[in-house]
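Listed after this line are the structures, all set down as structure tokens.
Shared between the two complexes below is subunit A, which pairs with subunit B and subunit C, respectively.
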Partner chain A sequence: MEEKGRIGIPRSLMFYRYFPLWKVFFEELGWRVIVSDGLGKRGKIIYFEDSCLPMKLLVTHSINLRGKVDHLFVPRLVSLHRSYIMCPKFRGAPDIVRLATEGTVSILDETIDLRTREHSMLRSFLKTGKRLGADEKEGKRAFQKAERFFINFQKGWENRINVLSSKDLFQFDIPTSSEKNISPPPRPRQGEAEGELAGEDKREGGYGRLYSPPPLPAPRLRQAGSPSPVKGGGKDIGETSMRVAFIGHPYNLFDTDVNKDILSFAKNLGMRIITPDSLSEKEIDAQVSDLSKEIYWSSGREIVGSLFHFLSGGVDGAIFLTSFKCGIDALLQEFIRRRLKLKGGTSIPLLVLSLDEHSGREGLTTRLEAFKDVIEERKRN
Partner chain B sequence: MGALQVLIMGNYLGIDVGSITTKMVVINEGDEVLAEVYLRNNGRPLEAIQQGLESISSRLDGETSIDGAATTGSARHLAAYLVGADLVKNEITAHSIAVIDLFPEVKTVFEIGGQDSKVILLRAGVVVDFAMNTVCAAGTGSFLDQQAARLGISIEEFGTLALKAKHPVRVAGRCTVFAETDMIHKQQIGHSIEDIVGGLCDSLVKNYLNNVCRGKEILSPIVFQGGVAANQGIRKALEKELETPLIVPEHFGLMGAMGAAKLVKRVKPFRTQFKGFELSRKSCLTRGFECSECENQCEVVELLVDREVVACWGDLCEKYRKSSSVVSQ
Partner chain C sequence: MKVTFPHLGTMHIFCKAIAETAQIPYVVPPETSRKTLTLGVLHSNESICLPFKIILGNFIEALQMGADTIVMVGSGPPCRLGLYDLVQKAILEDMGLHYRWLTIPPRLTLQAIWKNYKETKELKKELSWKNILLFPYGLRMGWKKMMACEALEKLAMKVRPREVKKGETQKHLKKALSGVDEARTLRTLNDALQKGKAILQMTGQDFSRIPLKIAIVGELYTVMDPHINRGVEQKLGELGAEVTRTSWFSTHILRSLRKNKADQNSERIRFFEASKAYLGYDVGAECNLSIGEAIVRSKEGYDGVVHLMPFACMPETTASGILTRVGKDWDIPILTLILDEQEIEGRIQTLLEAFVEMLQWKRKAA
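For the complex of A and B:
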């Protein structure tokens, strides 16, 4: 297909979850997708207002793409769940980018708000497609293909994290051994493709986290406190004895400019990494459904829900990566602390790491090494 | 001493290179301290390590051999490359090992050093949780140093002065910048230096308990160690706030180094990598350069001993890194 032009996607924020969907959608419509480069070791963060680090990185990456693309894709993510919302900064993200680039770039900023039919994921992408000159049929076909690709990609995610280096996580041409082909998987649902706007977020919670994926093939151990070496997961990696859950916003977990590639360091220490991506919405909800007041941020629900899920067994340790300036994270930390107190503490070690613009890794590695010692010591006893 | 005994009795060197000070200790098989050193880095850790080696060897009798060396502290990797360590250990584990051996019943460890402060929770002699100060160094040794210098008193006097406070003033302890402005304000309206110093101790302790220890279950017995444990003022303020006496170990400043030494004693290296005390008489320096072979532009550091590159690090691709025998466990 002839290349219609270039779409730029900033390597920041929800890129770290939805990039596979976005990329396939635009490519199916005949556009070339350009992703901003990582900051590199010497990268300069562009300051724009006094924002949290992930937002500063959005601006930095957007400016990095300026002049190289025809459109920037910065969707207005109001809600990625049928009932819960995103941090308000996501709502303003396209405006922030527009201001920072002084209106010199065309921004594809359709609203995605899964609480309303009007702004469902599909409809939002159809509108984006329309702006790019695609009719509804083309848009729908591209979206469905993208959606299938994304679901399949998510299935291999835990394996990717543990096998690939962080910079290759979103390199689709490097399939890990468990995803022999990343070609379109079988339809997730029958009768979805036909019918008018079928499949419109009828799944559990829409796009709250993943696409409410089918249960993972990898077995997860549920019984707490079992002294035997924990099995599971590492089918083609070989068994490792230390399973550690990394919890946080996807951009804190997977952006190496934010976390100094803590995942690779953890892997070098012999940890097998599990993230909330591998949990179903049901599993997450089970831990947050009995709260007196609902957590209305979808990311907050995911973090608290998955944290308490993991702390109830199946892992040897849990690490919560937080952004120093993130308001949601600040509240969640306090909330988690109080809830843990009510529950009488945790028998599974928990480490909270706060990330900011430090250029050194030393502080993180010291804590991680010590955390590993705590886990091992506990296993011995 | 019989020949057999000589074979199994070893001496172990622990080195703790922190942000402000360098600590070294040599222990024997029975954990007795044979020699110890505590000195300031003055921003030059390599020189401090060399000096430390020199002065610790002068305190040992000539017969004493070193059968294992371990490093800890924020410059543990640098120190390990330089001296040839058999073991590199993070300071949290090193500190707890030292405490557990001495006080098996202890449940909480406060450690306040030059730039780091930590709390370690122990239950039945096992570390179950820990926390370190995050983005703020308020309340650590370097801030106390700085304030002592500003007030024209030595850091050694600082603690005793604080004990003399009759009515400690309120000082904002949340942030060193605020604390300093607050202290200057109090001094300008005429409060005595004792009361100001006493107030500073109180507020730094509150800051430590509210930030580093937040959400942690602080149970006694509590051990207080690290360089700041020397400060009577801080110690009293902690005891007042927690309403419980603290245990300050005899070698409170050397606990990290002791822990490292004990850890390497457990490992008992077959043949130590330690390069010997002669290192103190060699020329040691580091130099950095920026590699321009790829976009990472790594800042590579080379360590030269007698003008020969002995170690390299900082390169992501490990192209320059020479294979080192240092084991990190």
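For the complex of A and C:
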């Protein structure tokens, strides 16, 4: 298919969860997706506002893409859950990017608010598709393919984290369009039928199905050409290794500019990484539903719920990664600490790492090594 | 039962009035001081916003003075204010303090009633029928006192830039407010208000001055409480600027009651509309209004805007980024002050002096 143009996606914030969905959607519509480069070793952060590091990186990456793309994709993420919301900073993010890039690039900033029916994920993407000149049918088809791919991608996520190096986490092949033609003819028809069904689904459920995988035919997820193994991956990451839960916002966990690639270091130390993605919503809810007030941020809920879940057993240690100045984490961190104490503490070690642009790799590795020693000592006793 | 409530500007005056009129025993926490702040900082972490620390400090001090029931106004998402109670409860419990907690929900929803049900039931046992009967009367008294306080404060903002003897207005304002505080009936309250106004007018004023006009915008706690903002309003006034702000108790209470939508909120709606050129969505709390107000004030010919926010405040961080551009586009100087527990009173004084001086040059040049 001929390339219609280029869409730039900043490598920051919710890129670290939804990139597969976004990429497949735009490529299905015939656009080429360009992702900003990482900061690298001497990368300069551009300070437009005095926010948390991930937010500063959004601006930096957006400016990095300016001039290289026709459109910049910075959706206004109000809510990614049927009843909980995102951090308020996400609501102003497209505006901040617009001001920082001084209006030199067109920004695709459709609102995604899964709490309301008319703004459900599909509708928002249809609007984006419309701006790119795709009609509703094309948009729907592209979105459904993207969603299916994304759900499958999510299933293989934990394995990916532990097998691939951090920079390859979001390298993947999408079944190409030529392959689509080879695939059995019933598929498009099936797709249409599904489309209608999915439409029904949405009207009833009122939100995208990202949290409840529908019984769709499983697409073949094809692993990237040759996943480069983790450095020093010769170590046996098997039953005997430590299971360590890494908890935090996805962009803190997977953005190597934020966490200085702490995950690969952890893997080199022989830790098996477990993330909240492996928990179901039910398991998380079970930990937080008895609070005197609902935690209304979906990410905050996930953090508190998964942390309490993991600390009640199943892992050898838990690490909470937070960005300095993150309002949600600051408040909930205090809450977690107090509640743990009130509940009589936990025997599972917990490490809280606060990250910002000044954190050095050495400091993080030292603490991680010490943490490993604590876990091993505990295992021995 | 002894009720207590946090400090916020003149809030203690009318909270006290409600409790007193309804004959409910209460404890007013000691005036916010360095010690209050230290207590709050000690029991929270660095990135939590300043209002949280001060309110927590107020509660700790009040509980130590014998209060046992905390009444706190709740708020909704997306700002952190909505979860203050959840975290503060955990902290107080962990400290081993005994308390009961009543959150006044911002909106009466089923969920809010359900989550408050247990506390309310328990409190009901301790209230006599007399308390309950007198409560509406207490609310009325509280409301009147609040309006009286606001009227006096607004008058003081006008008088202050013209005062001849520096600091005289503040002294008179204190006297006038304590008069309101002492009033027991509606009639004496009215007298106290008139008397207070007269006291303020007695301040020696130089009417030949044309004061600068500065608007204070930003997060409501930092705008309304002189302890949190280190008296920015008073300092600006004494430097010769007439200050305006739109954050008052009445505006916020009426807003959450959704009363007088067309009338009371017209100003807020105007600000909100103005902010749309920069922000495509309601970010929450006062973010959009801070931006909108700066634009509107620039159109109205104000000389400058002071933007106040607590360190790491989520909505206002977005606002401060955008305000730098607003200032350029609309040619209005904007000073953003980020407040936290650091001892920065001297620094604020210097910043404000420089800001006011700059505005005066700008006015002369024009």
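Some notes on this structure:
Rule of thumb we're sticking to: the second predicted complex is superposed on the first by the 315 of 381 C-alpha atoms of A that agree within 3 Å, B and C clash if a C-alpha of one lies under 4 Å from a C-alpha of the other, contacts with A are read in each partner's own complex, and residues count from 1 in each chain.
Heads up, the rule we're going with is that a contact is a pair of C-beta atoms (placed from the backbone, for glycine too) under 8 Å apart; a residue touches a chain by one contact, two chains touch by 3 or more.
Nothing here was measured: the structure is a model prediction, and the numbers come from that model.
Subunit B and subunit C, once both complexes are superposed via subunit A, fit side by side. In the superposition on chain A, A:344 contacts neither subunit B nor subunit C. Of the two partners subunit B and subunit C, more subunit A residues are in touch with C.
In the superposed pair of complexes, A:362 makes contact with subunit B only, with no contact to subunit C. Shared-chain residue A:324: touches subunit B and subunit C both. In the superposition on chain A, contact is made by A:296 with subunit C only, not with subunit B. Of the two partner chains placed by superposition, only subunit B is touched by A:377; subunit C is not. With both structures placed on the common chain, the touch criterion links A:103 to neither subunit B nor subunit C. In the superposed model, A:50 lies in contact with subunit C only, and not with subunit B. Using the contact criterion defined above for the overlaid structures, shared-chain residue A:85 touches subunit C, although it does not reach subunit B.
With chain A used as the common frame, the shortest Cα distance separating subunit B from subunit C works out to 5 Å.
Annotation: subunit A residues 324, 341 touch subunit B in one complex and subunit C in the other. Those residues of subunit C lying in contact with subunit A across their complex are 44-49, 52, 76-80, 82-83, 85-87, 89-91, 93-94, 103, 111, 115, 278-285, 287, 312-315, 317-318, 320-322, 325, 338. Those residues of subunit B lying in contact with subunit A across their complex are 74, 89-93, 124, 126-130, 132, 134-135, 214-215, 217, 295-299, 316, 328.
Only residues 48-51, 76, 78, 85-89, 91-92, 94-96, 99, 109, 111, 291-297, 324-335, 338-339, 341-342 of subunit A touch subunit C when the two sit together in their complex. Put simply, subunit A touches subunit B in their complex at residues 37, 40-42, 324, 337, 340-341, 345, 349-350, 354, 356, 362-363, 365-367, 369-370, 373-374, 377-378, 381.
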